[in-house]
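Notes to accompany the following structure.
Chain nomenclature is as follows: A, B, C and D, assigned in order of appearance, with residue numbering initiated at 1 for each chain independently.
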Amino acid sequence: MKKLINHPEDVVREELEGVALAHSVLVKVHFDPNYIARIQAPVKNKVALVSGGGSGHEPMHGGFVGYGMLDAACPGAVFTSPTPAQMLAATKAVDGGKGVLYIVKNYTGDVMNFEMAAELARMEGIQVESVVIDDDVAVQNSLYTAGRRGVGSTVLAEKICGAAAEEGHLLSEVADICRRVNHFGRSMGMALTSCTVPHAGKPTFDLPEDEMEIGIGIHGEPGRRRMELKPADEIVEMLIEPVIRDLPYKSGDEILLFVNSMGGTPLIELYIAYRQAHQIAIKHGLKVIRNLIGSYITSLEMAGVSITLLKLDEDLKRLWDAPVHTPGMRWGM
Amino acid sequence: MKKLINHPEDVVREELEGVALAHSVLVKVHFDPNYIARIQAPVKNKVALVSGGGSGHEPMHGGFVGYGMLDAACPGAVFTSPTPAQMLAATKAVDGGKGVLYIVKNYTGDVMNFEMAAELARMEGIQVESVVIDDDVAVQNSLYTAGRRGVGSTVLAEKICGAAAEEGHLLSEVADICRRVNHFGRSMGMALTSCTVPHAGKPTFDLPEDEMEIGIGIHGEPGRRRMELKPADEIVEMLIEPVIRDLPYKSGDEILLFVNSMGGTPLIELYIAYRQAHQIAIKHGLKVIRNLIGSYITSLEMAGVSITLLKLDEDLKRLWDAPVHTPGMRWGM
Amino acid sequence: MAISRDEVLVWIKTCAAVLAENCAYLVELDAAIGDADHGANMDRGFRAVMDKVPGIADQDIGTILKTVGMTLVSTVGGAGGPLYGTFFLQAGMKTVGKMEMNLDEWTAALGAAVDGVIARGKAEPGDKTMVDALSPAVNALRQASLANETLAQALKDSAQAAKIGMEATIPMVARKGRASYLGERSAGHQDPGATSSYLLLKTAAEVWVKD
Amino acid sequence: MAISRDEVLVWIKTCAAVLAENCAYLVELDAAIGDADHGANMDRGFRAVMDKVPGIADQDIGTILKTVGMTLVSTVGGAGGPLYGTFFLQAGMKTVGKMEMNLDEWTAALGAAVDGVIARGKAEPGDKTMVDALSPAVNALRQASLANETLAQALKDSAQAAKIGMEATIPMVARKGRASYLGERSAGHQDPGATSSYLLLKTAAEVWVKD
């Protein structure tokens, strides 16, 4: 295992200490239970946004705490959803009296832990709503399974809902906007390499030089299928076509195109992927009016890419463009 | 070779096409000769900043074209400095009548090509100044060698000089500020893995699981020495101590601490490195009042980190904080 | 013949040791069809439990089991945390005030524990989860007590049933949890949660059966 | 006996073919002490030169060599571009208007070319650069013409001298170029630029020596 770490069991704590030292202007980091809260929290009369999940997806979620985005993020162990104890403490720390929205990625662990946290928070008289993001078209949806994973749309939902909260909307309204983002957003990802969970010490799966995994999530789990390595243009086509098919985007729709690195894929390759994704979107008559390109929702050092499409309406466009100031996303201020 | 590319010879062109599609609001991309120019170029009565170098260091330099930073960037082939033809074309495209500053990283190829370009531009009556950045303490400086490499300080110089140009300073003044950044900045880097130049098809060097390279540059070249892999805290100490020693930063100095990923090292590890770098800086009595953490000057998909310290004075602080809007760096607007 | 409060404490402590030993093994199972953390999660949780044990050693079985449950909920995370947390919380509810348990009482406690897991996770037998090891174990206990078998025999039966249930997860295609994302690819691997569940019940049989 | 304009064109075309063949080899040499691009750089440059050749086939030697130089400057980049560009530009200056070169004229042209490389790159013999192959080649030509050797013999001598100079770079510690960053670690590797220089001169001997 080649990582810039000290001891595997110290990875999350030391990373959080680094965040605390680096971004003391924007966030305060609380330890035991671990959560990152916006420096101004609680912001009075603003709906508070709380998210969280396993560590290893940086900058998500901790890097998205700040003005115009999250009020708090709860980092679990690497790839392990945080505990209700963390979520409850964060909820209490950021509730500004207007209620708290939990943005939850659809994984059994995340869903159950946030459920328990919501039960506990309500017992303490805090108004809580949860929205579950499940945008990964690689997973067949079904009533009998855990359903689709929450991936790229989560980043977009946190930005857009954060702006909605700053605008002063009610909890129910911010939750509706979050559901709209989940409804309008779809993603799919692939891996060129596996990643190594620090305490596991070796790659989660072995991938030969000439093979790749299509339909992966963000926890280093193998994908839907393994196949021989293909040129970037073909790979991108394999990712974006199911996305476009799944949510019938109509010709003429305005969309945001999000090309994300799984952590180890550099920008030069992302732009090659973006080029093809943008061209295919145009072929389908879609208008790419916004985009996001970079490492935003990662799987440790995994090399690979995920593509997310979000259909934009006037509200979502305005909220996307609104000022944001977090360690991981910043514009307009 | 596992990369998200099509054909090795198309990497740079397709990446530039991706940039053109993604950032048409900020930049225009010119092909044959290749350069990326700020959309508003030429900006009248503003000193124009032109930089360039081999591709494979993204977001540097193309990602730094825009308001408050570069007016044009010339991307060469992967790890190959661009040609005088590119530089001359870019120079003519962005000269706003107040002269053009070349920010050149100290590599034989870059220096010679920018020299030739400057000669040609002057023949065409354009006022040109060049500043060579050589901040890599891993390389012993000497009159008889190629001297130190230009690395991390280049990113900081481009941001700070870009702000100075927006303030309306004269070419000579912007050049002086650039020399000041080079004078006050020092860097050192290391690699956990090699990188693969697309047309080479295999890693530039082989690095066993339990070894690392200390004192590398940004072209996948081996470093000053190879040694067994160490914990992050020791690695960071090996990088930052020579940096602090080389430029006698005095206790009480205010500095900017820049922890950079070589491309493949994810954010979670960068924060672990930042934590230790910040702590050591404090031990030396340095005040870390600004920082930059992420992938800004990379070596394709290489895993590794570089650390840059820049001593700040009032001018540099003001210029660093000034608004910037480029694909790779944005704040204040 | 019954299970004393002290024997329950021995069980918890031994489980902590057994899960520590099997940490890498459970991580490996989870790497194949999940995200390579189940072993680390359980180990982290039970190490936290061990810190709590001294403070509750003189309490009743219900208090001990509920404390274990609360500790797991607040330290494990992932799917394992809420599920095993609920498991011990529910078992604790059924044993409030008790200083010992006979077969029927343990059967009732384990039954409530497994019902809690099912209520929380909505998994059914055959979904390739811990439920596939837990449900058969409860059924085995119930049959044993109907058949008036000894506590010792009943504990052996339930551990054996859990083992068979665990092994039965190998060919299953997961419908719940992270493994379900793999679809058909999840077949051919033993479920990590079913394995940790078997380890808990096997340990119970080992530490509670004295002969 | 002299080198005709058409023979110069044959030399250039053959160099393009030789550099294409040796692309991977030069990349490998550059990977060891540089950045793994010298082969690709030279190949890219000479492919561009090949596109230009048809348009200049009827020109004088000076025009041909200057065109080669300009083309390399504007397509190669890196250290190789300015250096080999200057090499051919300077050689072209010395052969303006000539339709053929005798030994003394080629000696003067190569001398000017190498002086240009040294002026541009400021490298001295022993710095582990292309100069270590080029300078000995020029000296060999000069001695040959003093000794009134045949053109054929002189070309063989200069290629041989370049070969020895190239091999002599192996033990050197680089003081110029990218390899200098490696310090002591640069010793034990043959310099890629010295190798490409040898290939150019070896090709000259092969295509110009007819017997």
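We adopt the following convention: a contact is a pair of C-beta atoms (placed from the backbone, for glycine too) under 8 Å apart; a residue touches a chain by one contact, two chains touch by 3 or more.
Bear in mind the structure is a predicted one, so any value in this text is a computation, not a measurement.
K.L.:
Work out which chains are contact partners of both chain B and chain C.
P.N.:
The shared contacts of chain B and chain C, listed by label, come to A.
K.L.:
Measuring between Cα centroids, what's the chain most distant from chain A?
P.N.:
D
K.L.:
Report the inter-centroid distance (CA atoms only) between chain A and chain C in whole Å.
P.N.:
Chain centroid spacing, chain A to chain C, equals 32 Å.
K.L.:
Could you state the distance in Å from the CA-based centre of chain A to that of chain B?
P.N.:
29
K.L.:
Once you find the CA centre of chain C and the CA centre of chain D, what distance in Å lies between them?
P.N.:
76
K.L.:
Return the distance between the CA-based centres of chain A and chain D, expressed in whole Å.
P.N.:
Computed from C-alpha means, the inter-chain centre distance equals 55 Å.
K.L.:
Would you pick out the residues of chain D that each touch at least 2 other chains?
P.N.:
Residue numbers touching two or more other chains: none in chain D.
K.L.:
Touching two or more other chains, which residues of chain A qualify?
P.N.:
Expected reply: no residues.
K.L.:
Tell me the shape of the graph of touching chains, choosing from line, ring, star, complete and other.
P.N.:
Topology of the interface graph: linear, an open chain of contacts.
K.L.:
What are the touching chain pairs in this one?
P.N.:
A-B, A-C, B-D
K.L.:
Using the touch rule from the top, collect the residues of chain B that touch chain D in their complex.
P.N.:
Touching chain D: residues 33, 54, 76-85, 107-109, 112-113, 115-116, 138-140, 144-146, 149, 197, 199-200, 204-205, 217, 219-222, 224-225 of chain B.
K.L.:
Can you tell me which positions in chain B touch chain A when the two form their complex?
P.N.:
Those in contact with chain A are residues 1-7, 11, 14-19, 21-22, 55-56, 58-59, 63, 192-193, 209, 212, 229, 231-233, 235, 263-275, 278-279, 288, 291, 293, 295, 298, 300-301, 303-305, 327, 330-333.
K.L.:
Taking the touch rule as given, give the residues of chain D at its contact with chain B in the complex, in rising order.
P.N.:
Checking each residue of chain D against chain B gives 27, 31, 33-37, 40-41, 44, 73-83, 120-121, 175-178, 180-183, 185.
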